[in-house]
Structures are given as C-alpha cells and as structure tokens.
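Each of the next two complexes has chain A plus one more chain, namely chain B in the first and chain C in the second.
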Partner chain A sequence: MSYIEIQKLSYSYNEKTNVLDDINIDIEKGEWIAVLGHNGSGKSTLAKTLVGLLEPKTGDITIDGITLGEETAYEIRKKIGIVFQNPDNQFVGVTVKDDIAFGMENLCVPREEMLEKINFYAKKVNMLDFLDKEPATLSGGQKQRVAIAGILAMQSDIIIFDEATSMLDPYSKEELIQYIKTLHKDGLTIIMITHDINEALLADRILVMNKGKVFAFQETEKIMKDKETFTSSNLELPVALELANSLAQDDKFKEIRDKLWEYALTK
Partner chain B sequence: MGIRFNQVSHGYTSFADGLYTAIKDISFEISDKNEFIALVGHTGSGKSTLAKHMNALIFPTSGTLEIFGKTITSKRDKKIKYNDIRKKVGLVFQFPEYQLFEETVEKDIMFGPMNFKISKEEAKALAKESLNLVGLDDSYLTRNPYNLSGGEKKRVSIAGILAMNPDILVLDEPTSGLDPAGRRVLMDLFKDIHDKTKKSVIIITHDMDLVYQYFNRVLVMNEGHLIFDGDPEKLFREKDLFKNHLDYPNTIKVLDYLNKSLGINLDIYKRTIEEALLEIKGAEKL
Partner chain C sequence: MKSVIIGQYIPGKGLFYKLDPRTKIIAVFLLMVSVFLFERIEQLLIALGVATLLLLVGKINIIRVIKGLKPIMILLIFTFIFQIMLNKQGQKVVEHDMYFTLFTLLFLVIAFILWRVMVKITKFRFTFFFLFVISIYLTLRYVDYGQTIIQPFNFAIYEDGITMSIFVVIRLLIIITLSTVLTLTTKPTDLTQGLEKLMHPLKKIGFDSESFALIISISLRYIPTIFDEANKIMMAQASRGADFSEGKLKDKLRQVISLLVPMFIIAFIRSEELANAMESRNFVPGEPRTRIHELTMSYRDTLATLFSFSVLILSIVLKVI
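And now, the complex of A and B:
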C-alpha cells in the first residue's frame, strides 16, 4: 500500500465540466513529486482536495491508510500541510512566533511544549532571530519559511508547495529550493506544484496535468526525454533540454548533449 | 518628456523598524512614447515604490518628479489635477483580483473611463475595444469577473487601464503566476500594443529570459538605489547579478556551463534557443 493513494478522484465547481477528471495516482512515503500543467489544468484543485479544503465529487483519497472523509479530515490535516503562492495570504499570526504557534494551538499542544517546538522549528528554518518580528518586516521567502515551520511543528510529514516560489525573487527562490531539498533528505514527502520547469527537474517523479486529467506520471529523467508530453500539454522544456533534443541527430554533439543533460538535472 | 525623477527618495514608517527608506536618490527619465522598459530588482529593492510614483499614487519624501509637465513634490498641490496624471499614466497592480470589483466585466472596464466624463455609450464601446485588445472576445462582457481564471482576471484588469487610453502604461509583475505559454502570450500582447500605439510601457518582472528577449532598456533596483539603466545585454556582460540577488537568462547560464565544463569558447550572449543552437552548431572546436 502506498503512502498516498488517490482513486477515481473527480471534482467540479459547476455541473458542466470536471476540473479534476478520474485521477488515479499513488505516491510513496518520502517521494518528491512535481506537478506541472497549464493554467487551469487542475493542479491547485488537486492540492486543495488532498488537504481536505475541497470535497471531491467522487473518488477516494487515502493517506497512510486513512481514507479522507468528514470524520477523518481532522486526522488527515495533521499529516499534510500546504504552502500557498502568496506568502501574505497565509500569515495569520501577529508575529513569527504566533504564526508558528497557530497550528499547534488548534491541536491543544501544552504551552511549555509549544514554546520548545517554536524555538526548535524556527531554528530549523533559520528564522530564530525573527521570532518577535511582524510579517510586514519579513521578505516573501522568510514568510514562506515561517509557514513551513508551522507545518513541521504540527508533525506533518507531507508538504504541498502550491507555486510557493512563484512570487519570490530569484535569490529567495533559490534559498527556498535549497530548504525543500533538506526537507526531502529528512524524509518528508514533497508535492510541488510549479510552472518552473527547472524546479520540477529536482523531483523524483513528475506528474503532468492537462485539462483535469493525469497526462503523464513518470520518473523525471524519463519524462524529460519525451518532448511530445510537454508540447501537447502546453508546457516548455528547459532551455538545456530543448538544445539537447535539437542536437540529438548528430554524434558530433554527444559530449555537448551529455553536458546539457547534466546541467538540466543538477543545476 | 513623459516622466522625470529628480533625486527622488521615499521613506515609510514601520512600527518595528522606524523609518525605512524604500527608494533613495533616484534620477532618470522616461519618454512619453516609444519606450519599452523592464524594471527588475530583488524583493524589497524598491521596484513597486518606484512604480507607484509614476502616476503620483504616492509622493516623494524628498526630491521632485515631473509627470507630463506637472511637478510633483512631497506636498499635495491644489493646482495640480492628479486625476489627469492618472489618466495619462495607467498603473496595473500585481494582483489584478484586488482591482476588479464590479459585477460584470463590462462594468469593470467602463469604471475608469466613466470617471473621465465621457458618455455611457462611449465607455461601452471603449470597454469592448479594450477587451478585444487583450485577446478576450465579446462573450466576456457579461461575465462576472470573480468567476474568471487568474490569467483572464489579469487581462480584464489590463483592459480596464487600456480603456482610459493612457500615454504610459506601468505593469507590476503582470506575468507572475502564469504558465510559460500564458506568459509569452501576454508579453506578445504588450509588445503588440506598444508597436501599434507607440505608447511607452514599463513592466516589472523577475524573468530575465523575458528581459533579454523583449526589452531594449532595463532599469535595475538594488536596496533602494537605481544601479543600472541601459541595454539588457550590457547588464548581463557588466554586472554581477548574483550579487544583486538577481539571475541571468537561461541561454546565458547554459552556454556558460558548456564553456566551463568542456573548455570551449562559445559566445554566451544569445537571446533565444534558436540563436544558442546556431552558436553550438557553428562552433569550430568541440
């Protein structure tokens, strides 16, 4: 049994069209999954049904053996946290400390334990010096890291990043990506929704959504070799791989092609 | 002359840190037509503060601005009609959903023009025309803006500004949150509007690929200072962008990697994948 199992999942905002249409996927514990897809492909809707923010029209979501439903939603939400695109839309505390505490307060964690945890996780996301700061004084990247601390403090072991880097400048983006790498090393399951193909290349597997359906779900290296999947889903390949593909005919360029692949998969 | 900044500084007061100076001693000019300018800089570098001065949405703390002949200082001047300035310089914020508030797309687009004393019929015609200009058909006129996708909302909010027929258009990160295809469609649209109308367009962005491919002038902000004003390629050749918390275009990064890892000598300053490909194929020593 997989850690996350999604079976026959459909969702619609109105009666006419399904935003999610018969999604069937399994995700293993500790995997890093990137979700790609054009605007309106259903990526964010999938994320919202996973955390129980939206109720599926049909189908089941099972996480760690527990099937998501009215009675289990509370249990499941503890396991899974979500970091949204706009850092300002999820900062609920008056200070960094309050914000990290928010989730734990809802779980009725005792005060002593809570203070300990706030310090522990603030340190983990490198925000210990900012505990008493207001959100207005933090950068977007710092706010995103505070959101992660709040999720970790609830002992969640699945984190969904819903275009969490798309509003950050390149420097803060890189910082957050490096941090997601360490979370992955620590064994957390990462589901990263993104438009940034270079970011997606860091994942173990890539899920390509197209018009509410799973268009492809494969190992990163494998899926990158299949240009068709990208073009037919309105996506662009990374520059290095576009070049590698265009040089594919000629043996003369083998060395260059290898370096282009190396660049794409490691940078 | 469209907009001139003369040693403009702007400070905010924050409870935690006291006075915070967002932009410092900025001087430069934007012509009233034919400009297509990218404005870049890390988060908190002062880009948005700079943009908000361009239509006198905020006033400088020190220094002065000239906007279409009107001098803007730290104090409100009763003789200046600020509404006229805002008609001449249209500003689209980063989150268009915050700007949409009417019950139909048509009413929303009409709102701006109606404030400038034109008839309802004229405003309606303008709304239709602007909507088509941003690539949406007439069926959108009766729709509720809240039920549109992010990309569609962006287009409607841009149409709302276009309907006021500004001479200069300022857009704060208009492509953020869009997929790569959507990003290009929107950029092509801005370029098209610029080419057809010769309006000056200023676009805030983090996307260096777009900066390299679409713009011939780039302004770079760093910690409140304007540290570069000129040709994008000159920027990439001369400045250490990583030091300024910025990135290089992907073509430059990839070609540079090939040079360093294979000990070859490609010209890395290529705007597009096609140009980069020609450079690789034409290289003598491989």
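And now, the complex of A and C:
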C-alpha cells in the first residue's frame, strides 16, 4: 500500500464541468513529485482536496492508511502541510514566533514543548535571529521559510508547495529550492506544484495535468524524453532538453545529447 | 518595506512595562471609577498629583503623555467654556453687560483671521485657539462703541460654574493620562490577550473571547500589509493620472472610491486564502488551543491591584462621609 493513494477522485465547482476528473495516483513515502500543468488544469484544486479544504465529488484519498473525510480531516492535516503562493496571506501570527506556533497551538502542544520546537525549526530554516520580527519587516522568501517551519513543527511529513516560489525573486527562489532539497533528503514527501519546468526537473516523478485529468505520471527522465507529452499539454521544455530531443534523432550526436541531458537534469 | 506603527506602544523598561496587562486593565478601570467618585476639588488635585508621581516612578516620558492629550484638547476647552457659561448655580462671581456692535464684529473678524494665520504658520494650535476664545470674550465685553447690532445682554459667571469646569477638566485629564499610560506601555497583542483572559467568564453568556482576541490580533497583523496595498493601488492610480490630494470634495470622494473598491476586493481574496491557510494548519474555531504567550503575575501585580483597590475604597469612604 502506498503512502498517498488517490482513487477515482473527481471535483467540480458546478455540475457541468469537472475541475478534477477521475484521478488515480499513488505516491510513495519520501518521494518528490512535481505537478505541472496549465492554468486551470486543476493543480491547485488537487492540492486543496488533498488537505481536505475542498470536498471531492467522488473518489477517495487515503494518506498513511487514513481515508480523508469530515471526521478524519483533523488527523490528515497533522500529516500534510501546504505552503501557498502568496507569502503574506498565510502568515497568521503577529511575529515569526507566533506564526510557527500557530499550528502547534491548534494541536494543543504544551507550551514548553512549543518553545523548544520553535527554536529547533526556526534554526532549521535559518530564521532563528528573526523570531520576534513582524511579517512586514520580512522578505517573501523569509515568510515562506517561516511557513515551512510552521508545518515542520506540526510534525507533518508531507509538504505541498502550491506555486510557493512564483512570487519570489530569483535569489529567494533558489534559496527555497535548496531548502526543499534538504527536506527531501530528510525523508519528507514533497508535492511541488509549479509552472517552472526547471524546478520540476528536480523531482523524482512528474505529474502532468491537463483539463483536470492526469495527462502523464512518470519518472522525470522518462517524461522528459517524451516530447509529445509536453507539446500536447502546451508545456515548453527547457532549451537544453529541446535541443537534446532534436539531436536524439541522429545517432552521430549521441554524445552531445547525453551531455545536455546530464546538464539539464543536474542543474 | 516600511513598517507602520500601530497604537502608541513604545518599547521600554520601567515599572509599568513589567506589569501584567490584566493588572493594568483592572487598575486603570478601578482608578477611573474612583476619579468619578471624588467630589471635592482638593481630592481631585491630589489625585492628579499622584497620577503625575506615578508617571515619574514609571519613568514614562511626560511629553508623550501630553501628546496623547492633544486630540482631546478641543474637547477639554469646549467643556470648560460650556461649564462656565451654562452653570448657573452658587454665588455670582462676575456680572456685567456684553455688547455686540459693528466694531465688535470687525474685531472678531480680525481675531479670527489672526487665529487662522497663526495656526498655519506656528505649531501651537491649541494655544492660539484658546487665545481666540479669550479675545472673543474681551471684545464682547469692552468694545461698546459703534452701531449696535444686538442689544446689550447680561453675562454672569457663577461660582459653581468655575469649580465644575475645573472639575471636569481635571477628571478628563486624569482619565486620559491613565489610559495613555496603559497604551504606551502595553503591546497591542498583550492588550488583546489581557482583554481575552478578563472576558473569559463571559463565555457563559455566549461570548467567545478567544475568537474575539484572534480577530483583533489578525487585524493588527494585517494593518501594515493593507497599508502597503493601499500605497501600491494609489501609485497605480496616480500613474494613470489620478490625483488624491487636489480637487473638490466631490472629486476627492470619487477618488477614494476608486481606492476602496480594489482594496475591498483584495481584502476578500486575502481573507479567503488566509482562512484556507488557517484551516490547513488545523485551526477549528471554538476548539481548545494551547498558547505560546503566557501571562504571569508577580508581586508587583499584587501591589498594583492592592493600590488601585485602596484608592477606590478611599473614594467610596470619602463619598459616604
């Protein structure tokens, strides 16, 4: 049994069209999944149904053996955290410390334990010097790191990043990606919704969504070789891979092609 | 990004900073009640003296407190004038005729212009307002030549009028000083938490003090964010030719609407997203939560509460006697 199992999941805002349409996915513990897709392809809706913010029309979501429902939403949310796109709109506390504590307060963690955990996780995301700062004095990247610390402090081991880097400057973006890498190394399961194909390349597997359906769900390397997947879901490949794919048709350039692959996938 | 200062809180050390917010709220409340119970001017003057002494003991910047008085200065002056003019009890202290002639009118216009000009070029707005009021009195009293507009009328000041007006002013002064000390030395978040804990017993009649405190603290947290937003929208409008500083009142109103509509829409989107973020972090309204902030009382709090209680008892005793 997989860690996260999604079976026959559908969701719709109205009766006519399904925003999510018959989704079946299994995700293993410790995996890094990137979710790619056009605007309106259902990426964010998928994320919201996973944490129980939206109730699916049909289908089941099972996380670590618990099936998501009204009664179990509280238990599920202990395991799964979500970092949203706008850093400002998820900062609940008046200070960094308060914000990291918010989730733990809801879980009724005793105060002494909270203080310990706040220090521990603030150090982990490199925000220890900012504990008493107010959100207005922080950069977007710092706020996102505080959000991560808040989720980690709740002992969640699945983190969803819902376009969490899209409102950040290039430097903060790179920094956040580095944090996600260390989280992945620590064994957390990561689901990263993104528009940026270069970010998606870091994942173990890529899920391409199109019009609410799973268009492709394969290992990163496999999916990148398949030009069709991308062009038909209106996604663009990075230049290096585009080049590599066109060189692939000729065996003469095999060496260059492999180099480009290596470059694109390790960057 | 510049941060906006909310409330009057100034970080510092000193006696009042070390007190628990609950103690401060209770003490201020008790002291205000006792100020209303004092009935003699000597008692009030002593109370004012004690209040000043407390400020000194607490190492509070007196200038700050005086600045806190500014917004109600006009109110103070008006209460003073009305009390003097309308209270007709006790012995007459002054009585004389008042005149209103063409020359009076001329003098009044000059005084008015002088007042407006002085307010524009100097900082002492209230001093000049006060001078203006006095000059109205003096002109009405002494300028008696020229064509009469209104028949001379009688004007009298009574003993009680004077005492009552001083009374009211001192009372207001003490009350404002007390509340200024409270807001100067207590962080808005601590203040809300103190209120929350004090209002906790109201849960029995269905008042959810925890949600109330959370609402306040989230509002406080979002004030700077929304200020930033307003700035951005104003700049966006300005870049398309909107001018927020000039034009008639009607134009200004229209421009404010063009600022408010997008701000409301953004605020709604924001609150939706924030609700999602809070829910995904397991927030359930009304459910029990632990707190990272803890309020602790020390011997100082006991002393402060004892002090304010004894002042209240003293005031009651004095009233009964």
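Methods note: the second predicted complex is superposed on the first by the 265 of 267 C-alpha atoms of A that agree within 3 Å, B and C clash if a C-alpha of one lies under 4 Å from a C-alpha of the other, contacts with A are read in each partner's own complex, and residues count from 1 in each chain.
Here is the rule we use: contacts are C-beta pairs under 8 Å (C-beta built on N, C-alpha and C of every residue); 3 or more make two chains touch, one makes a residue touch a chain.
Everything numeric in this text was worked out from a predicted model, so none of it was measured.
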First (chain B), second (chain C), both or neither touched by A:P56: neither
Partner chain in contact with A:A136 - chain B first, chain C second, else both or neither: both
Which superposed partner A:C108 touches (first chain B, second chain C, both, neither): second
First (chain B), second (chain C), both or neither touched by A:D98: second
Which superposed partner A:Y263 touches (first chain B, second chain C, both, neither): first
Partner chain(s) touched by A:G42 [first = chain B, second = chain C, both, neither]: neither
Partner chain(s) touched by A:G212 [first = chain B, second = chain C, both, neither]: neither
Residues of chain A contacting chain B in one complex and chain C in the other: 86, 134, 136-137
Chain B - residues contacting chain A, complex: 14-17, 41-45, 95, 149-151, 176-182, 206, 208, 242, 245-247, 250-251, 253-254, 257-258, 261-262, 273, 276-277, 280-281, 286
Complex contact set, residues of chain A against chain B: 37-40, 85-86, 133-134, 136-137, 139-141, 163, 166-172, 195, 197-198, 234-236, 238-240, 242-243, 246-247, 252-253, 255-256, 259-260, 262-263, 267
List of chain C residues in touch with chain A within their complex: 1, 3-4, 189, 217-218, 220-221, 224-225, 228, 270, 273-274, 276-284, 287-294
Partner chain C, residues of chain A touching it in the complex: 48, 51-53, 74, 77-78, 81-82, 84, 86, 88-94, 97-98, 101-111, 114-115, 118, 134-137, 150-151, 154
